[in-house]
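After this come two complexes, each holding subunit A, first together with subunit B and then together with subunit C.
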Partner chain A sequence: MWVYIVKRLLWLPLLLLAASFITFSLGRFGPGDPVRVMLGNRYDEQTAQRIRHELGLDRPFLAQYGDYIWNFAQGDFGESFRYRGQPVRDLVIRKMWVSAQLAIAAMVISLGVGLPLGFFIAHRQGRWEDPASVTVALVLMSVPVMVSVPALLWTFCLKLHWVPCSGWGGLFDPRILVPAITMGVPGIAGLTRLMRASTLDVLGQDFIRTAHSKGIGQMTVNSRHVFRNALIPIVTILAFSLAGLISGAFITETILGIPGIGRFAVESVFDRDYPVIMAITLIGAGAFVLANLLADVAYAFIDPRIRYQ
Partner chain B sequence: MKKLVITLITLMTLAAIACGGTSQSADEEPTQTPPSASMAAPADPGATAEPEQAQTPGQPGTAATPIVALEQQPSELTEPLPTGTFRRLWSDPPTLDPHLTGDTTSAGVVVEVFSGLVALDTDLKLVPDIAESWTIEDGTVYTFKLRPDAQFHNGKPVTAEDFKWSLERAAAPETASPVADTYLNDIIGAQEYIDGKASEISGIKVIDAHTLQITTDAAKAYFLAKLTYPTAYVLDREVVEGGGRSWWIDNPIGTGPFKLSEYRIAERIVLERNEEYYREPAGVETVVMNLAGGQAMAMYENDEIEITGVGLYDLERVLDPNEPLNKEVKVSPPGFSVSYIGFNAGMAPFDDTKFRQALNHAIDKELIATEVLSELVQPAYSILPPGFPGYTNEIDGLRHDPERARQLLSESKYADPETRPRIVITVPGTGGTIGLDLEVVLEMWKQELGVEVEIQQVEWATYLEDLDEKKFQAYAGIGWEADYPDPQDFLDILFHSESSINHGDFRNAEIDAVLEEARTEPDIVRRIDLYHQAEQMIVDEAPWVPMWFTGDRYTLVKSYVEGYEMTPMIVPKLKRITIEG
Partner chain C sequence: MGVRELEAEVDRQTQRSRGHLARALARLARKKIAVVCMVSLAVIYSAGIFAAWIAPYDYTAQDYTVIRKPPSYVLDQGIGGFWTESHFAGTDRAGRDLFTRVLWGIQNTVILTLVAMLTGGIMIGVSLGLVAGYYGKRVDGFIMRIGEVFASFPDIFLVIIIAATLRPRILDWARALEDRFDLLDGLVRIGIVDYFVVSIALVGFGWIGMARLVRGQILYLKETQYIEAARANGASTARILSRHLLPNAIAPIVITVSIGMGAYVGTEIILSWLGLGIQPPRPSLGTMLLEGGHISVIREEPWMLLTPGIAAWLLILAWNLLGDALNDVLNPRTR
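Then we have the complex of A and B:
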């Protein structure tokens, strides 16, 4: 087991190196220039050259790349080109925390609705509630953000006046309602179907029949035996979602004015803020690799039948 | 303080969200009368404030103006300072290091926390700041006398040595300031220093602890105005050198009326009154700038902020006299910015003056302003915005005149649509949406002249690159905003043949000659007259279609806020605010 984990972790630097090289090259050789963006319509060749020199942008490509990787390995992500004087690490962590709170709220909605619903319709297998719930969940999942956000805003902000129309106040601010629903609802369908299948699987097991024959009440069997065992595959799925925590949601964040990492990432691309683009790409890539590993490891811990060599 | 504007609509939206007040207001009521009385003045929604309104220095009546109150020691006042919190929306500033500041979002905070030798008042007059007085010899040698009581937020006195170090730090190559050339290169030796070819700026001399001498390369009337920009602000050497590039995040020591007490990226900026300020201390204890964003109107109505701009969609409601909000509306003349459609005079068909003039005459800006943009903008027929130094309403612009337009077109080299080159106008952005106003303009050209123009949208960074390389035949969706209040900042910088930002490749030797003469003309009346001449010549040659003088036309300010003045540029002004009750 440990050997397996270490082997997987050894791949991480290689993957990051590949991802960083590709991202770095795209920035340096693609169109656009951070110094021009910095100077706006006050561009002057002499000033631009001077700033390029100070930022090290006039050096050979490989020297720039090598330096970046060397500093990155030491935990120095550099200084933002757009937010002058601001360390990239602080900026990125702050924005990721905003997106993470949003993702947590969305996950609460996905889980809060998806799990009970899946559990419930598993008990109604073959009856009308079963296909009806799944259909509704699938339809909701298919609604694009560009439609769901205006619809939710119209309802909660303009008609019901429950929340301000945009903005951000953190996890415990009512303004999180609209983005959390927008991002949480699509997750319901998947979780419902997964929970339904998993519950049906458990319901057919011998130990459930045994529990019933011992005379344990229906409620106790459901809560103690069925629900708990049905959760096992869900836990592993959640490990994957961890990576999604920090990747943010560009469209939702932009429309609703949430200062999250998704919006920040896209703005950084438009502004050619290379250090920020690099940091977000690398942290994101690293997070996905680790989350994958975590999911694999979680399987092994939860399900004794799985062993890694 | 240049800000490019992606589209007009975006500008207005942004202005509404981010910077509620970039225009002059009608709320000059210098005495501390009961709130109801001061509210009465701006309550008339239909009245458009006159650009030439008589402005008082805007200081609460009971207090002496800061310029006069030199000897007043705030710490010795027995009366407790007023309390109160002023809250507004703001955007994440790209930086709060004054020497790196090059945008209005940063400058709006920086000017409240830091300060320099001279400043602009809310009526945009040049006033002393840390320099209490100065003399000018031969138009080039400026000798500043510093206030002996000026001190940094950490209690250290400000000396002439601090200024010399700060100006050199701003200009130093390793600072990599995007604006050092713009604001400091009139000083002798500054350009050499900026380029890393000198060990000091020879034109800056410390005479004694409180006397600083700056020599410029020629008599330039706009030099003092340039020194009001944050690039020329004073910083504490120890703090900056000890803190590295992010010193201002960890230890934001300035000299201004407010201290930066909290800065949380994407959340908020909190300013606290500097009780030891060398002039009269601020009238509010705290200023909270909400960076998290949000729907400004909703927040305003919910009493979460004290000020907001009014966007196109809320306009009708706010202007309704039956609405309670209507009592809090302030109408202001436009800010110091102009949006335009630029033509590339080096490329066909815009190399023909008559063709450019024809396109100008074909547009009915009044119609667009009223019908499409709800009068949120003012049509522009000249270059300098109303109220700007050197502005005159006597410029004879190329007004709507379809007859004349057709006449000019038929006289131009490109009268024949068969041989006329394909015309493409480029706008920045990625959304696929272009300004409503531009769509109407294209339609007017088509209907009045039969001139078909295509639109191409280019992503921002690429747009800037192509703009600088003069690759566009015509370009729109951007504007020009004043850096410092001098006509040179518009006319010379945008239209002189040699200017690096003359994006339309406009060349006219006569105009160049007038602009060059104006640069160093010592007689102010004659100098302004030269700019009038130059502006008229430029307008006649039609290198642009000037479109709008933009900026927040309507602003809402809570009735309990006194002393907030709308200015068409960023100037220090939060210290003037008081909160009633």
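Then we have the complex of A and C:
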């Protein structure tokens, strides 16, 4: 087990190196000049040359890449091209905090609907509620974000006047309602199905029959024995959602003007803000690998039959 | 029992068992929802592909006498008028017929996702998965590690980066080609560049899931006794892969293709929404949703969002529901 964990951790720097190299070369070899974007109308050749030199953009490709990796290894993500003078690290951390709050709100919705629904339809196996619930969840999941956000805005902002139409005020601001629903609802389908399968699994176990034969009431068996045990595999799935905290929601944040990491990522691609693109790629990739590892370890921890080499 | 009777018995047995796939198809045909999905997909896909013949207008034609006309299903001009006169799905702020534009938008989405699935998902994904699973060891490690690198990019960030950085380059190449060869004139105008860029971007992330899935299947299948028997009989690697391993892995591939198509459609719409897909004046579902999604538009002309939105939603929904039904039918564990 430990050997497996160490092996996976040793692979992490290599993966980051490969992912960063892909991003770096796509950025440098693709056209589009960050200096041109930066200066906009005030563009003139001399200033541009000076800034290029300052930023090291006139140096050979591999030297630039080497420099970046060297600084990155020391925890320095560089400065944003777009927001001059601001370290990328501070910018990214601030934006990530916004996206994390959003992801938590979305997860509350997914879990709050998905888990009880999955538990309920497992008890209704073979009846009409069973396929109907999954179908409804799929129907909701298939609505593209660009349709669901305006539709929700129409409902909550234009008709009901519950929330302002855009903006961001944190986890406890009503404006989180629209993005949280948009991002939370698609997760319901998957969670419902997982919870259903997991509950069915537990319902077939001997200890449930034992509990019933001891004369424990239906409610107690369900809450004490079935629900708790059915949750175990779900917990490991949540580890994957950790990676989702980082990537955020590109489109939802862009439409609603939420200053999170998703919108920042999209902007950085259009602004050719290389240091930001690189930082987001590396942080996202790192989080992805660690979340995967966490899920694997959690599986092995819960189910001792699983062995990794 | 004599040899002859034995042969007859074997014949009867083989005739009765119609094969795994045929039985699965029969089960699928009994599922109403799957049949509805397949029919809707056939309708949507052919509507998109034959947009040039079905569309009542030109997709750039502007009619200033009917700007912002709400959708109407009133048959006041007879059956013929329903298609040709009434702009039954409404018009946008420039007086362009929304039904026409949605049809052409569907055409782009349909062609792009099919191309990306055939090349990325099926050709690259399945063959890399087969190779990785069959040869194992170094080859497997190498392919899967590359897959992990591509998969580690946050969400669809890689797709966005590829589309954003490659477009101008490929546009330059296409222009250079046009200048060099007179025959290729109009290459850029017909939007070939957009198609190319979006396909590459979709393929970049599309192959990984499929490769992983096929690899897992092969890892399990190659330990089974009938593969060992085939090998003992002297079957070549190519024959084992194509005749024994691939056919037995087909069920999960079919499920993945169906659900994957839904994801491809969604991603293509996101790309054109961001302005990285099909470029105006060619209509695409993404740009139509962008125009229709502004708060002032949903207040005044909600049909500008609804018409393309319903089309996009139906397309994704049909693939997802079909994938779900296929999973029920083909997956032995959930049956």
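Note that in this section the second predicted complex is superposed on the first by the 309 of 309 C-alpha atoms of A that agree within 3 Å, B and C clash if a C-alpha of one lies under 4 Å from a C-alpha of the other, contacts with A are read in each partner's own complex, and residues count from 1 in each chain.
Definition applied: a contact is a pair of C-beta atoms (placed from the backbone, for glycine too) under 8 Å apart; a residue touches a chain by one contact, two chains touch by 3 or more.
Note that the structure is predicted; figures quoted are calculated from it, not measured.
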| item | value |
| --- | --- |
| Touched partner set for A:273, first subunit B, second subunit C, both or neither | neither |
| Touched partner set for A:44, first subunit B, second subunit C, both or neither | first |
| Subunit B versus subunit C as contact partner of A:84, first or second or both or neither | first |
| Touched partner set for A:135, first subunit B, second subunit C, both or neither | second |
| Touching partner for A:253 - first (subunit B), second (subunit C), both, neither | neither |
| Shared subunit A surface residues [contacts with subunit B and with subunit C] | 31-32, 157, 165-166, 270 |
| In the complex with subunit B, residue positions of subunit A that touch it | 31-34, 36-47, 50-51, 53-55, 79, 82-87, 90-91, 94-95, 98, 157, 164-169, 175, 257-259, 270-272 |
| Subunit A contact footprint on subunit C (complex, rising order) | 33, 145-146, 148-149, 151-158, 160-162, 164-166, 168-169, 172, 262, 266, 269-270, 273-274, 286, 289-290, 292-293, 295, 298-299, 302, 305, 309, 312-313, 316-317, 320-321, 324 |
| Complex contacts: residues of subunit A adjacent to subunit C | 11, 15, 18-19, 22-23, 26-27, 29-32, 134-135, 138-139, 141-147, 149-151, 153-154, 157-158, 165-166, 243-244, 246-248, 250-251, 255, 265-266, 269-270, 277, 280-281, 284-285, 287-289 |
| Subunit B residues touching subunit A - in the complex, by the definition given at the top | 2-4, 17, 92, 94-97, 100, 102-103, 173-176, 178-182, 194-196, 245-249, 264-266, 291-295, 298-299, 302, 430, 459-462, 464-465, 467-468, 478, 480, 500-501, 503 |
